[in-house]
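What follows is a set of structures to go through.
Presented sequentially are two complexes of subunit A, the first with subunit B as partner and the second with subunit C.
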Partner chain A sequence: MIKDLMGFVLRAVVVLSGTALATFVLLWHAPGDPAQAIAMARFDALLTEDVIDQVREEAGLNAGFWTAFRAWVGPLLTLDFGRSAVTGRAVWPDLLVAIRYMLPLALAGLAIGLAISLSLAIVAVKRPGGWLDRFAIAIASLGTAIPAYWLGLLLILLFAVHLAWLPAMGARTPEHVILPALTLGLGVAASLTRIIRSGILEARGQSFLPAIRRRGVSSRGIDRDHIAPHAAIPVVTVFGLELAFLLEGVVMVEVIFGRPGLGTFLVTAIHARDFPQVQAVIVLTALMFVTVNLLIDVVYRVIDPRIGARDA
Partner chain B sequence: MRSVVFIAASMFLLAVLGPLLAPHDPTAINIPERLSPLNDDYWLGTDALGRDILSRLLYGARWSLGLAFAISLIGLWVGTLIGLVAALGGKLADWALMRTTDSFLAFPDLVAAVVIAGLLGAGTWSLILALSVTGWVRYARVARGIGLSLQTRGCVIQARLAGLPPGSIARWHYLPWLVPSLTVVWTSMFARAILGISALGFLGFGVQPPMPEWGTMLLDARIHLRSTPLQMVWPGLAVVVSVLAINLAGDALRDAIADDGNQGTRPHREKSRFSLPMPSPRHIRRSR
Partner chain C sequence: MLRVDQVTVKRGSSFALEDISLSLAPGRTLAVVGESGAGKSTLIVTILGLVKPWKGDITWAGDSVTSCAPALVMQEPRAAFNPLLSLHRSVMEPMAARKEVASSERIARLCDGLELSRDIFDRRPGEVSVGQAQRAAIFRALIAAPTLVLLDEPLSALDAVTQKHTAKLIADLQREEGFAALIVTHDLGYAMAHADEIAVLKSGRIEEISHPEIFAKAPRSDYCRKLRDAAVALGALEISE
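Now for the complex of A and B:
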């Protein structure tokens, strides 16, 4: 177990440094003059060569590749993301604000997605092949094909424009989170329903179940102790991918609903060519994913003892 | 199954024949007729600049479906190559390539694509590059997985003993076995590419105006959500129908392959004329 864990951590470090280097290379070689873009964002117009040169000096764009890379990575190890090239403000506090807007949305979306997919899958497997089952599969297929931005617009059209029940844009009140979270949750539910459904069906096919049943274990007990844990394994496996899906969804949903979260932060930073901000978002995302994948690997071993045992 | 393939095929037919069928020029601006509802002249109405939405949808299919097709094929080619190199190239190559795919899998595709496309400057080429950079990983994983399972097959070992170079082994003994699974992966990546292109278009990083592309059309329509909600429905519907058709066709294909696999059909006849007695794999050093 300890050895496995070391392996995971090593892998995480490799992945993180690879991502950091790739990000830096990409930004370094991005076409266009970043100094000019930054100067435009800062001073709007009336640019002279002097101003651009001054900005270039300030932003450290004169240095060589490795000097610049070291200057960026060094503070990064202490979670210091530097200062925004456009506003000159420290990146981290602004990023924290963005995360604070993103988290409730992501968590609510995940909760809605889990609730819908669980209930849909459980209803579906009551009678595999029945009309409810086929209905659930059809909904799930349709759900994976509907892009979040279209679904979001449709929900705005229905709930904000026609019915006028919920606010569409912004993030002022808790009510503002409902529509974005619903958009996100429906997408998550669509991809999870199939996995949970097939997980349960597969768990039911385990060869030892009839024996346990004949020993007099109640069907509720079987569901709880033998079906649920087994069906949870594939769900945990895809959770990393699901998180990626969630984050992609967050980017789109925040832009549609005008929420000032991490996605909006990223898109704005890219448009302004604010490299420190873009770098910060990417590194943070990679860090998040590596951590979650690490946790998944551990949880995996806890819920499925066979995995650790097989290696040992 | 048949109806799904029919829908997918007709989408493609529409994409190819779009210019012939389109009743108007997709970029022709007609301000007096702007935001007009459905009528005899403009079957699906017009957008904010008075451009015919039906024509834009038909031309847009070339961008949305055509680009997605190209991107998924680039991914297929690159990913298969990398996966095969990982499977055949020895421990070090395998380790390095698989950690690279780990890095890619540990990052949301769309976010990476947004960053790449955004920084390279909006345009078709950066769109293709952005989605291809993230699009090869799944192919590589599948190709490598199957490749590793083929390593101990008789034909592969015999080919190695006969001195066939790794490239030819990959071509004749690995590739045919990869085709079914990779085709299934390809359908799902194709669908993802359609979604990716329209998502980037919607964020303003994709195909640039005045070219009609479904995601960009959605972006245009978004502002007029209250006045002409139908304008937003069409491009979204086009995306959903194509993605759904491709996904379902992929599902059907996967089921068909699973049935086929149970009957033990081989993807191609072995061409080897040798009939050596087979040594057991343990005694063979990987020769390269």
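Now for the complex of A and C:
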């Protein structure tokens, strides 16, 4: 257990420092003049060279790569993301506001994705190869093929423009979360449906099941004790990857639906070359990934203790 | 009573079982012997209803075999259990299916007879030996007082002493509870000692069904004679004059 924990901490340190370094290098070497972008974002006007030089000085951009990196990494060790190069405000409070907007969207998207994929998969495996099964696979394939930005626009067109049932933009009321969450959820459902479906079908093929069934164990008992845990293993794996997809989707969906949130925060920061803000989002995302992976590891071991035993 | 009536099972263009007829009354044991690939295991899965016969009927007391909730001991003991569940959960499943709880006397008797220590039930199939898994599978087959037990090579992974004790437990319980047992085995000595009848299977057909003594003294076909002589030569069988 202690060995496992140390392994996790070591992996987390490697991933986080690797991500921090990579982001910094990429941002530093991105084409264009960061000082100009920051100055444009800060003053929202055409600027003279003097002003741009002043911004360069303030943002620490002329100190050289390593000096700038050290100046950023030092406070980061205490989870201090510094101050925005554009607004001069501390990054944390603004980031928290963005997360507060993003979380309901991400959770609603995930819930919709799970609900749709579970129901579709369960309907599909009732008769594998039947028309419902083929219909479910077709829907899932279609869902995978449609990118979020297009699906989002289609949903806006239908529900906001033609039917006028739901708002298209903003985040004022709970209703505002429905369309973006649906866009996210349909994407999640597309890939999860196929995984859950094949997981259930594989679980049904386990060699010991027919004899247990003949022995009088109810279908419900078999589903609960033998099918669901077995089918859950690949689903948990994909679920981890799905969270990556979800974050990527959140960025896209927030921009399409004009919602404040982590995605909008990140995109605005990238445009303005606001290094501290961009890096804060990236490091936080990496931290989230490492944590989710740890949780998945734990869940694996609960479902299938052989996994822990094999590693030991 | 189990009735297998003129059952034929097709495999591709050939026959895995051809025109098999046999019956097995409660309290009786039928041993099915024969070379590998003769169709012994196919016969078991067909009786269990996992393979549909191309022709013929299989019934238990005039109803489908499923109606008597037959117990199976599979040839591959580890594959007989859910790898994710503890053996305890798996072996008690037939009891749970009947919404009953096994008495501690029953558990103790089975554990003693099968020489199983109770702590193995906390483990999962991958954490016990094949022999332990095989005995756990027999435990599961017998825990809920079955009416029909199908055993596919039930003693193959056990040492000689445990084989003897396990065979005795199965025979004792059968005498007391009167279940019908169909045992597929390569061990003619075991078949002779415990079966009421021996069925010899060759290439999917029954060569002979007879009382063990008759089989030992006067096998009906060349193949049956060869089988008997080989068992005698290996010391698995003694023929009394």
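Note that in this section the second predicted complex is superposed on the first by the 302 of 312 C-alpha atoms of A that agree within 3 Å, B and C clash if a C-alpha of one lies under 4 Å from a C-alpha of the other, contacts with A are read in each partner's own complex, and residues count from 1 in each chain.
In this text, a residue touches a chain if its C-beta (ideal position, glycine included) is under 8 Å from a C-beta of that chain, and two chains touch if they have at least 3 such contacts.
These figures come from a predicted structure and were not determined experimentally.
Participant: For A:Ser207 in the superposed arrangement: first (subunit B), second (subunit C), both or neither?
Facilitator: Second partner only, subunit C.
Participant: Scan A:Leu186 for contacts with subunit B and subunit C and give back first, second, both or neither.
Facilitator: neither
Participant: Using the superposition on chain A described above, determine whether A:Thr144 touches subunit B (first), subunit C (second), both, or neither.
Facilitator: The answer is first: A:Thr144 touches subunit B but not subunit C.
Participant: Just subunit B (first), just subunit C (second), both, or neither: which does A:Ile303 touch?
Facilitator: second
Participant: Which of the two partners, first being subunit B and second being subunit C, lies in contact with A:Ala124: first, second, both, or neither?
Facilitator: In the superposition, A:Ala124 contacts neither subunit B nor subunit C.
Participant: Thinking of the overlay built on chain A, is A:His230 touched by subunit B (first), by subunit C (second), by both, or by neither?
Facilitator: Touch partner of A:His230: subunit C, not subunit B.
Participant: Is A:Gly216 touching the first partner subunit B, the second partner subunit C, both, or neither of them?
Facilitator: After superposing on A, A:Gly216 lies in contact with subunit C but is clear of subunit B.
Participant: Report the partner of subunit A that touches more of its residues: subunit B or subunit C.
Facilitator: Answer, by number of touched residues of subunit A: B.
Participant: Just to be sure I follow: which residues of subunit A are touched by subunit B in one complex and then by subunit C in the other one?
Facilitator: Of subunit A, no residue contacts subunit B in one complex and subunit C in the other.
Participant: For subunit C, which residues are in contact with subunit A within the complex?
Facilitator: Residues of subunit C touching subunit A: 48-50, 65-66, 69-72, 74, 76, 79-85, 89, 93-94, 96-98, 124, 126-127, 144.
Participant: Within their complex, state which residues of subunit A touch subunit C.
Facilitator: My answer: residues 206-208, 210-212, 214-218, 221, 225-226, 229-230, 303-306, 309.
Participant: Which residues of subunit B touch subunit A once you look at their complex with the stated criterion?
Facilitator: 99-100, 102-103, 105-111, 114-116, 118-121, 191, 195, 198-199, 202-203, 205, 215, 218, 222, 225-226, 229, 232-233, 236, 239-240, 243-244, 247-248, 251
Participant: Which residues, counting only subunit A, touch subunit B once they are in their complex?
Facilitator: Per the stated touch rule, the residues are 11, 14-15, 18-19, 22-23, 26-27, 30-32, 141-142, 144-147, 149-150, 153-154, 156-157, 161, 240-241, 244-245, 247-248, 251-252, 255-256, 266-267, 270-271, 273, 278, 282, 285-286, 289-290, 293.
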